[in-house]
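Shared between the two complexes below is chain A, which pairs with chain B and chain C, respectively.
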Partner chain A sequence: MVNEHFPIYMLAILLVNAAIFSAFTKLSFRFLKRVVVVNLLLIWIMGVSLFVKVVRDGAFRYNFGDWHQAVGVQFYVDELAVFMMMFILTLSNLIIIYSLKDIEHEIESKQFARYYTLVFLMIFSMLGLTFSNDMFNMFIFMEILSIASCSIISIKNSKGSTLASFRYLILNTLGSLSVLMGIALIYMVTGQLNMNEIHGEISVIWKYYPTNIMMALAFIIIGFGTKAAIFPLHIWLPDAHSVAPTPSSALLSGIVVKVYIFAIIKLLFRVIGVEIVGELGIPTAIAYLAAIGTILGSIFAIAQKDIKRMLAYSSVAQIGYIFLGVGLATKAGLEFAMFHIVSHGLIKTALFLSAGAIIYQTEKRDIRKLDGIAYEMPATMMVFAIAALGMIGIPGTSGFMSKIFLGSVVLQEGKAFYLFIIILSSFLNAFYYMPIITSAFMKSDSEAKVVNDKIPRRMVVPMVIVIFLSIAIGFYPQLITEIIEIAVDSLL
Partner chain B sequence: MDDLIVRKVTKWIVPFIQVYGIFIVLHGHISPGGGFSGGAVLGSSIILITLSLGLEKASGILSHRTSSLLESGSIIWYVLIGFAGIVTGNNFLTNRGAGFHMGEVGDIISSGTIPLITVAIGIKVASTVITLFHIIIEED
Partner chain C sequence: MGTPHSVILLWVPALFIAFGLFEILIIPFLDDNHRIVRRISVSVFIFFSTLLIMLTYKEVLNAPIVYRISYIFGKGIYFKIDLLNYTLMVFSGFMWFVVGIFSFKDIKKRERERTFYFFYILTYISTIGTMMAGDLLSFFLFFEIMTFSSYALMVHYRGEKVLEAGKEYLYMGIIGGLFILSGILITSAYTQNYEWADLAEKLATPGMAKYLVAGLFIAGFGIKAGMVPFHFWVPKVYKEAPICVNAVSSGVMTKVGAYGILRVATVVFPIAFSGIGASSKVLLETTANIGGAIIWLGIISMLVGVFLALIEGDMKKMLAYHSVSQMGYIIMGIGVAAYLGSAGARGFVGSVYHMINHGIFKALLFMVAGIVFFSTEEMSMYKLGGLWRKKPFVAFLALIAVFGITGVPGFNGFISKSILHGAIVDAYQYGNPVFRYAELAFKLASAGTVCSFIKFYGFIFLGKGDIEVKEGFRQLRMMVPMSILAAVTVIIGLWPNWILDNLLIPASTSFYYNPSFVQQYISNIDFWKSKEIVSAIITYAAGFGIFVLGIKYHLFHMHLPKWISAERVIYHSVTDLCEELPNFCVKRYEKPLVFGDVIIYAILLTSILAYFVFSQLW
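Moving on to the complex of A and B:
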């Protein structure tokens, strides 16, 4: 029953749904919700069965139109891709179920159909980017993803969101052009666009064209780095992620950025190869930038008053960790990067969703006004507190597992300096998350009573599932590390 | 724009522009051009009508609703053509293997799915150009 056409079916369902939503904008929202949920469930089930098939039977290639891989479009569905696919689908399904209720609060009713068009296009392009095995199609999917996320940021139609989205548009267009330039430079020396063909060519000829490949990689890393918000290129992220509607902030911060990181990992280690990249000194540069980013992202976050802006700056720091793993350019480092992609995705989603719930109920965005809020909305603040503790790295959450994993990796590599950076950054994390938790739970009037949250159950349940997944990974990291090991083995 | 010369010239020239656009779309697989460039020419003919005869006239020819339906329809058409490959037991977007008519090289009706897809792209691009322009005009 499960066959190799499943990636195509998934992409086709997403694309056709997006097209239908955009044509019939006058559909009632109740009906639209049902269509969204049914389709997402269908895609998720397909994703799970594809995952099981690939893990059991191994990776496969899918050539569009039966063309040879050197001339045609190709999907490469391997363990790494299906792992990333499961991450994208599971998390985005939970976020979308949350959004069905929350979005009524955030945007005008005539925008609902457009919003879900954009969300479906985003998931479509993220899956395409994950599966795609040739450079040019990767570029196309990346462009679809950039434009869809840009529109989703501006969907509120306020002054701030338009400004943030315009800045995002400009920087992302520069990033896309930079990636295109890099692809062109690689094409110049290899004459191929397919990743496997490029890898075959480049391992022979790289000694003759080291400058060229260096330039190409610099362009590609700067391009994708802009989109993934690696440290000096992060300036668009806090604005963009804080003004977007909450579910899309969670999508953007939790998943979209990770897909770009995934693309960088794929390009560096599958297309070019770890020996060549190491010889050119690129991982070291990435690791330095990442280390600066982890510290400075946290320092910026301390200065923020708006809760969503603070979370966005915290993303900059956490992306630094992931890039630190990439920059070590070893098997263990990449395993950590993949692990932290999942771990940070879960925690940051939980944080954004609970922050969204606070805004939904109380309209409070200022972190100084959250005193005693845990009495008004205990479930939400429990989720927020557990996730914040996860960010700091308290045992029992996936954040702790990430940090101990990274710590042991850098010690194995003999780079104890990074351990110092990690500890300092954790300390800084505690510095801006702990005050929120303490003031929410401890500061209150003496006669304050605990009441139930007034947010709809459909918003609470996804949050709780996300935080539960995070705790489950915190206690049983082998749930995902086993598949990550297989996946990273196939990469290096 | 209320100018007699502009209006008259527009009325004369629009059919020729549209025929040229359709020509480029239909010859996409055998000569330079194709869905995108032909679609842009087709779209620009409607934009010319909007500019010289006004938005109401242009909406009468191609309303907002129709053009958004055409946009979505052409995506679905593309996907359906792709699925013909899967239905006949090949991969997505298979052309010759799925039994499409290949014809003689140089004929308009040849090379299987390519003209069908080009037409879809042409319609998509034309309606997108028009929709975008009309949205910008309406916002003003």
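Moving on to the complex of A and C:
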């Protein structure tokens, strides 16, 4: 039953749904919710079966309309892509289930249908980005993703969100243009758009046209770096992620940024190849930027007063970790990057969702006003606390395994300096997460009684599942490391 | 010895953790109507889990019990019970049980009692876990859980001041954890392994890295142990914590830090490496160097702790400083154990023995301070006095504890201190003569301790005092655990050889210490030799002399200048920087960064392109 057409079916279902939502805006929200849930479940089940198929039978290429790969559109569904797909689908499903309740609180009711249109478009384009094996298609999906995220940031219709989304739009357009420029430069020398074809050509011709390729790489890295918020280009992220509705903050911070990182990994190591990239010194530069970003992201996070803004800056720091893994440009480094993509995705999602729940119940966004909040919403704050401990890297959470992996990877590479950066950054993480936890749990007014959270159960359950997944990976990292190993093998 | 029995034995760690988790799970469901049930369940759990561990004695004596749980943390973790951690685990169980009885009266915030016992049990489990852990990762897991759950115990009373002190404890705990984590990472990078054992051989190769690793571990564990210069959290947080938390923290949790140093000094760098070759020679040399450093760290802790205790008027803070000082004794013993290699048995036995003894009498002292505080609402020693008339039994118990800590013959402190003294004598006899000064410092610290406790006892219980004692304060149930601790103090003091023969001597021989040396210096030790007693008397005389001088010249009210405080130099400099710098950065740079987004993009792109073009030209 599972066949090679599954990726297409999934994309089609997502796209059709998005179209339906936007066409029939008069549908009642209850009905809309059912459609969303049923479709997501369907997609998820398809995703799981595709995942199982690829892991069992190996990767396959899918040529649209049986055109040859040099001219046609091609999907390459390998272990890496299905792994990323499972990550995207699982996490976004949980976030969307959470959003069904939370979104009523966040935006006007006439926007619901539009919101889910955008969400489905985002998932559609993210899946497309992971699967597509030619540069042009990748660019298209990337554009769809950028525009959808931009609209979702501005959906609240407030002054701040419009400003943030406008800035996001400008920078991301610049980024897209850069990428397009890079693609054009590569096309200029290779005459190919398909990744495999380019890879075949480029190893031969890069000696003849080094300047071209270097300029192309510079454009592409800057372009994707803007979208993935690598250090000096992260400036749009805190604004955008903090003004968006909470579920979309989680989507943006937990998944969308990771998809761009995934695209960078694919471009650097699959299209260009690790030898050429290494020769150009690009990974080293990325690693330096990542190290600076890790520290500065944390430093900026410490001084934030708005909880979601703080989480957004923390994302900048954590993205630094991931790029550090990419910048090592070794198998172990990339394995770590993939692992941390998942680990940070889970933890940051849990943090954003619990922060959203706090805002949902109490309307408090200022971290100085969270005293004793754990007595009002114990389950939420438990999730928040565990996730924050995960960010610091306390054993038992996936954050700890990330830190252990990254630490041993950098030491194996003999770059002990980065270990210092990691440890320092963990301390800084502790410095902005611990005060929230302690004031929430310890600073109660007089004789506070513990009461149950007043948020709907449909918001609590996804948070708990996310944090549970993080703990499971924290104790049994091989749940995902085994597949990551196979996947990264195919990359290098 | 049937099959079921051995099955149980093999599963001790799993059983312990399973029961512990079960206990943790049921405590939240026992609400305040079931207070009695909750307390009984806490006591019963601690009692039976200790019993469970004790059951393994015969097996542990033969060979360490190893229990492996595969797949956790990727490579799997394992637990290992050998005689060293067996001793400490039984001791911790005993302490937790006794202090648990005390806590029934002590814990005042009744509505939070449930939280307290939840974290009390969690801390107990994690403490046992750290001791039982056979590899570095599981050790670190339990160590961090211990830091966080004991933080919750420390700040049980909440409030601004308490939380401020607790913050210091927490941050120091996290910093210590990060030190240890870096140590673990560097070690594992060289050895590809997270196990305590097996590390030795591979660590013989790298150059300075092993000293870096040792330094990181010692700093990390030293923070937990309250070693100078990381001692400042101890008085600060003890002042605000409940009495029973002081007792378990000073009694057991600081010992976990010392235990960690001991493990690092003796297992990661084992004293008698089995092979004879270049690598073992390097290792022995390394261990000796590290051991020497640890001895001096211990000596410094001893002296600084005692000095700060002498000029402290607050009962709890003074006892806290004495914890620092007594940890100095233990750390010094550990140093000797590593420094002398196979001849360091006296250091090993003495430090482990002193961990136990110090735990017992220090818990008792904290309880005495607690009772004095409960009945008078006064913490400052200088305002108290003459309490022996109103509370004769407490005064009697306090006297036993004071005799214990000052090392009066016949009490437990005397036993371990004379072994430790022997150890430092060994250090200059068999090692470097420079340790003669260390021995002098040791004697000075002992005299200071005596002086300090003359002051403690004199100001609180003797003399004339008109402080009011609250009527109707029911202390009877608190007397039970205190009497148990006092009895143990005396029993160990009078019959010290029981613990030595059954636990510590086998442990030391299993650690590759030279058996004939152990035989000569420890097995046949006679604590009632006139020489030892005379030296105790001399120490007492010196202590009394310092006391007289101190009273005469008002030395006890001395205030140290602010700049010398380690808290200011180490802790506040870091936290201030971490608070100020971000505010400054955000104020100064956030806006320009945000609004200069396109410029940054353009600059970056041009500079990278320029870099490429230029690198191409050359």
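Quick note on the criterion: the second predicted complex is superposed on the first by the 491 of 492 C-alpha atoms of A that agree within 3 Å, B and C clash if a C-alpha of one lies under 4 Å from a C-alpha of the other, contacts with A are read in each partner's own complex, and residues count from 1 in each chain.
As a convention for this text, contacts are C-beta pairs under 8 Å (C-beta built on N, C-alpha and C of every residue); 3 or more make two chains touch, one makes a residue touch a chain.
Since this is a predicted model, take the numbers as computed values, not measurements.
Colleague: After superposition on the shared chain, which partner residues are touched by A:V16: those of chain B (first), chain C (second), both, or neither?
Modeller: first
Colleague: Contact-wise, after the overlay, does A:I222 reach chain B, chain C, both or neither (first, second, both, neither)?
Modeller: After superposing on A, A:I222 lies in contact with chain C but is clear of chain B.
Colleague: For A:L411, select first, second, both or neither according to whether it touches chain B, chain C, the two together, or no partner.
Modeller: Touch partner of A:L411: chain C, not chain B.
Colleague: After lining up the shared chain so the two structures overlap, which partner does A:M188 touch, if you call chain B first and chain C second: first, second, both or neither?
Modeller: neither
Colleague: Which partner, chain B or chain C, touches the larger number of chain A residues?
Modeller: C
Colleague: Output check: A:M214 vs chain B and chain C. Expected answer is one of first, second, both, neither. What do you get?
Modeller: In the superposition, A:M214 touches chain C alone.
Colleague: Kindly classify A:V52 by the partners it touches after superposition: chain B alone (first), chain C alone (second), both, or neither?
Modeller: In the superposition, A:V52 contacts neither chain B nor chain C.
Colleague: Write out the stretch or stretches of chain A touching chain C in their complex.
Modeller: 167, 170-171, 174, 178, 210-211, 214-215, 218-219, 221-222, 226, 232-233, 235-236, 238-239, 280-281, 285, 296, 299-304, 389, 392-396, 401, 403-404, 407-408, 411-412, 416, 419, 423, 426-428, 430-431, 434-435, 438, 441-444, 447, 449, 475-478, 481
Colleague: Hey, which residues of chain B end up touching chain A in the complex?
Modeller: Listed in rising order, the residues of chain B that touch chain A are 68-69, 71-73, 75-76, 79, 82-83, 85-86, 90-95, 97.
Colleague: Which of the residues in chain A end up touching chain B in this complex?
Modeller: Answer in residue numbers: 5, 8, 12, 15-16, 19-20, 22-23, 25, 62-66.
Colleague: Which chain C residues qualify as touching chain A in the complex?
Modeller: Going by the criterion above, the answer is residues 71-74, 111, 137, 140-141, 144-145, 148, 152, 155, 158, 163, 166-167, 170-171, 174-175, 178, 181-182, 185-186, 188-189, 575, 578-579, 581-583, 585-587, 590, 593-594, 596-598, 600-601, 604-605, 608-609, 612-613, 615-616.
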